[in-house]
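For clarity, chains are labelled A, B and C in written order, and residue numbers in each chain start from 1.
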Amino acid sequence: MAGQRKWNRRTAAFLFLLPAILGLMLLQLVPMIASIVISFTDWDLLTNWKQANFVGWDNYTQVFKDEKSYTSLLNVFVFLIGYMPLVMVFGVLFAVLLNRNIRGVKFYRAAIFVPVITSWVAVSIVWRWLLNGQSGIVNYLLSLVGIQGPVWLQDPTWAMAAVIAVTVWKDVGFVSIILLAGLQDISDDYYEASELDGASAWNKFRNITLPMLTPSLFFVMTISLINSFQLFDQVLIMTNGGPAGSTSTIVEQVYKNAFQFNKMGFASAQSWVLFVIIFAVTFLQQWLQKRWVVYER
Amino acid sequence: MKDKRWTVKSILTHIILLAATVVLGFPFVWMLSGAFKDSLEVVKMPPQLIPSNWKFDNFTEIEKYFPIYKFLLNSVLTAGVTTLLQLLVCTMAAYVFAKIPFKGRGAVFMLFLITMMVPMQVTLTPLFILFQKANLIDTFTGLILPGIFSAYGTFLLRQHMMTIPNDLIEAAFMDGASYYRVFWQLILPLIKPTLAALTIFAFMSSWNSFLWPLIVTSSKDVMTLPLGLSKLQGRWATEWNILMAGNVVSFVPIFLVYLFAQRYFIKGMTMSGIK
Amino acid sequence: MFKKSGAILLMLSMVLLSACGGNNSNAGGSQTASQTAGQTPDASSQQPEASKEPVTIKFMNYTASGSQEATLEAMVKAFEEANKDIKVEVEVVEFANYYTKLNTLLGSGAAPDVFEVGYENFMTYAVKDQLLDLSPVIQSDASFKPDVYKKLAYDAFNYNGKQMGVTESFSDVVLFYNKDLFDAKQVKYPEASWTWKEELEAAQKLTDAKAGIWGTYAPIQFWEFYKTIAQNGGGVFDKDGKPTVNSKENVEALQWMLDKAGKHKVSPALNDDTFNQPDADLNAFKDASLPCCAQESGTSAGLRMRPSNGISRSSPATRRKRTISSRTALSLPRTPSTRMPPGSSSSS
């Protein structure tokens, strides 16, 4: 009986995994391998790819020599440090509040989710107005408390802060929804049992909610981390990598190198260096998860 | 049952959520107001919230720039099919990663995660060449196919599936259920909130996708909405009010999907706990 | 305001897709051929079309994006009428993403038959041999007279003696000025003979910081830079082709651009966010808070400004006057294997 089940298990695993594996291989792995190969060439994108020349490790050495690589990496780290804590804290806060059965909760949920749905183009147009140095609302509100706001998107010191703020604004709904789904999964039994033992609200949060939320938190953290390293849309549209390179990110450079500066080979090399970085960080996170993520066993 | 009492806790909750609503919702209101302004007022500095010159035909004027309602349909088709297929493929894969161990499963899962770590800007071109050879350029299949496989989706589902108690599954096997039945009748109903979340995200991601549709489509029969909206920005000048109207139109379907899916977030619809 | 009359010609060129190198597939040619040509690795030679069926050419363009697609369609229809054996499939991609798409198509061997290229990018394609040399076609076609085009615009697309593109359009730099504001301060209207000195004088009289009116405005950008340096007699290269970016004339010109805002305060301050919004200068002009602004107008794409707009303040008759005769030209590429009478290009 057990033996048969093992056979069934392997077949089941295979069958259920098959469509995804096919997709993975054809749609992801093949292009990835192709781009690795390209990273060893000097392909400029506009001449035929079959005519590109092999240049060995040149592109990679160039990546490490390029000052902009380091600036962009630094920018990404700055973004990470600002973005992750903010989005997680607000995400948990809103998720917990939205989980309550109060009046109008559906309205609140929808409102918080609206920025997520809106496209980056629309979002950046609106935020450029709001962040306008002279006539934007942000600076107006600041002036009410006596602060003279900077010209956000033009100031090398503050442009990244603006990008972080806008990204948190846009993503917090996403994080909340994921965490909300995770909260919904927590069985009421746990709470009831703890109430019988006389647990306070904070106790319940700390000992039940938070631990049971860790799988979702882990997911959010991993995704946020990977997305942060790949920061692209908003810096391209809102600040175009400026001012003075203060919001230039790796993927933004990859994009420009590939499609504007005719350096597809170099851009591919940049992407793969980025990949190694992301991989290392994610691996670290995965390894750490054993220490703090609680799965039902 | 909605709790209608006004406790300190609930008042505080309302205040915080109201503040959040204002901050998060205001820019959208702004966009909405821009959609009803005329082309001069929309760029006036300092900006005004309520249009003084209400203009209702921005929404029909968009047609002059590109066939927006055709593109809308294309987007609905593409995003809809992509979402459904993605849900199917990813839940199946996640099931394996969460509950069906086999030798090397961890490595395969890692492989999935790896695909998320490479910027798509450089895999775009090889993929295009591949699709070109397969004659999938400028087709709906070409648009939909890359969207079906999603490591994010698989990852999300796997995380949630892992929280399902193994005892439940064992019990089902004891009762003679097959892997297939366990999947459809046990696992899936238990992860409804996550399925709902994934529906929204898959749809949204496909809906707003720009770079791939830009490269893979050339004829208006298959083009999607973001491509059309970008056409509203000309080389030298842009009609901002029309652009805002276009973005509002683009917003509506995703919002509808959200409204539909968010019902599944309500407590009580999930079967939690041991039966 | 008016500057010295230096003529800077900025031209965009027409580029042709070339079937250069054995492996670069013929993306051109007839509709059926283009699908298969992509597969055959050695479609090196041109295949002259002998069929009587209408040939379909794919045409890619960016100028029409944003409001002119209907105009382009009308042009295409007229062309198809005049040349019954050719059908044109148009694809309009907005400028911001145009080259992304074009390059991807070129690199994968799926390029359109004819495409538009701006002068600023022409060289890249010419140097990499991605364009078809039109000279033989031009020579063999008696009905095609290059004189139809403005010489400088046409010659700009001549690379190493080969004509790689044909002019599609070019733009002029014009100066819009608000007559009402001039009248209010009793300043004389700008004239072609004006130099920077006159401009500054007028601008100083027109500027009214309290009312939020700036005397003059030209964006401080790369595109404005090389126009301005020409007004001062400078240039990016000298007559022998040596780079002179740092020349005295150029530095003076740049200083002038900056001083207008910083020193003389007749233009908005450098970090004025409002003016860095897209179209801000145009809107300020419409709003009558800017008496003068220099603009480029694409002649083929139609005038950007529609003079009789419903502007709330007294709408001036904004007269368009030539400042620098700065031209930009766009052109269309052609594919090698289409035997299109070149004369047809002038019908658009």
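The rule we apply is simple: a residue touches a chain if its C-beta (ideal position, glycine included) is under 8 Å from a C-beta of that chain, and two chains touch if they have at least 3 such contacts.
Each chain and its UniProt protein: A, B = Sugar ABC transporter permease.
Everything numeric in this text was worked out from a predicted model, so none of it was measured.
Among the pairs A-C and B-C, the greater number of C-beta contacts is found at B-C. Most remote from chain B, judged by the distance between CA-atom centroids, is C. The geometric centre of chain A is 15 Å away from that of chain B, both derived from CA atoms.
The mean-CA centres of chain B and chain C are about 39 angstrom from one another, to the nearest whole unit. Along chain A, residues 45, 49, 129, 132, 134-135, 259, 264 each make contact with two or more other chains.
Counting partner chains per residue, chain C shows two or more touched chains at residues 100, 104, 107-109, 274, 277.
Chain contacts: chain B has residues 45, 124-125, 129, 230, 240 touching two or more partner chains.
For chain A in complex with chain B, the residues that touch the partner chain are 5, 8-10, 12-13, 16-17, 19-21, 23-24, 26-32, 34-35, 38, 45, 49, 93-94, 97-104, 106-123, 125-127, 129-130, 132, 134-135, 169, 172-174, 177-178, 180-182, 184-189, 212, 215-216, 218-219, 222-223, 226, 229-230, 232, 250-251, 254-255, 258-259, 264, 267-268, 271-272, 274-275, 278-279, 282, 295-297.
Contact residues of chain C toward chain A in the complex are 21, 23-25, 41, 99-100, 102-104, 106-109, 124-125, 128-130, 271-274, 276-277.
Residues of chain B touching chain A in their complex: 1-4, 10, 13-14, 16-18, 20-21, 23-25, 27-28, 30-31, 45-47, 88-90, 92-93, 95-96, 100-102, 105, 108, 111-119, 121-127, 129-130, 145-146, 148-149, 152, 154-156, 159-160, 162-166, 173, 178-180, 183, 191, 193-194, 196-197, 200-201, 204, 208, 226, 229-230, 240, 243-244, 247, 250-251, 254-255, 258-259, 262, 265, 267, 270, 272-274.
For chain C in complex with chain B, the residues that touch the partner chain are 38-39, 58, 62-63, 65-70, 89, 91-97, 100-101, 104-105, 107-110, 274, 277-280, 282-283, 286-287, 296-298, 301, 304, 309-312. By the touch criterion stated above, chain B contacts chain C in their complex at residues 38, 40, 43-45, 64-66, 124-125, 128-129, 132-133, 137, 211, 214-215, 218-219, 230-240.
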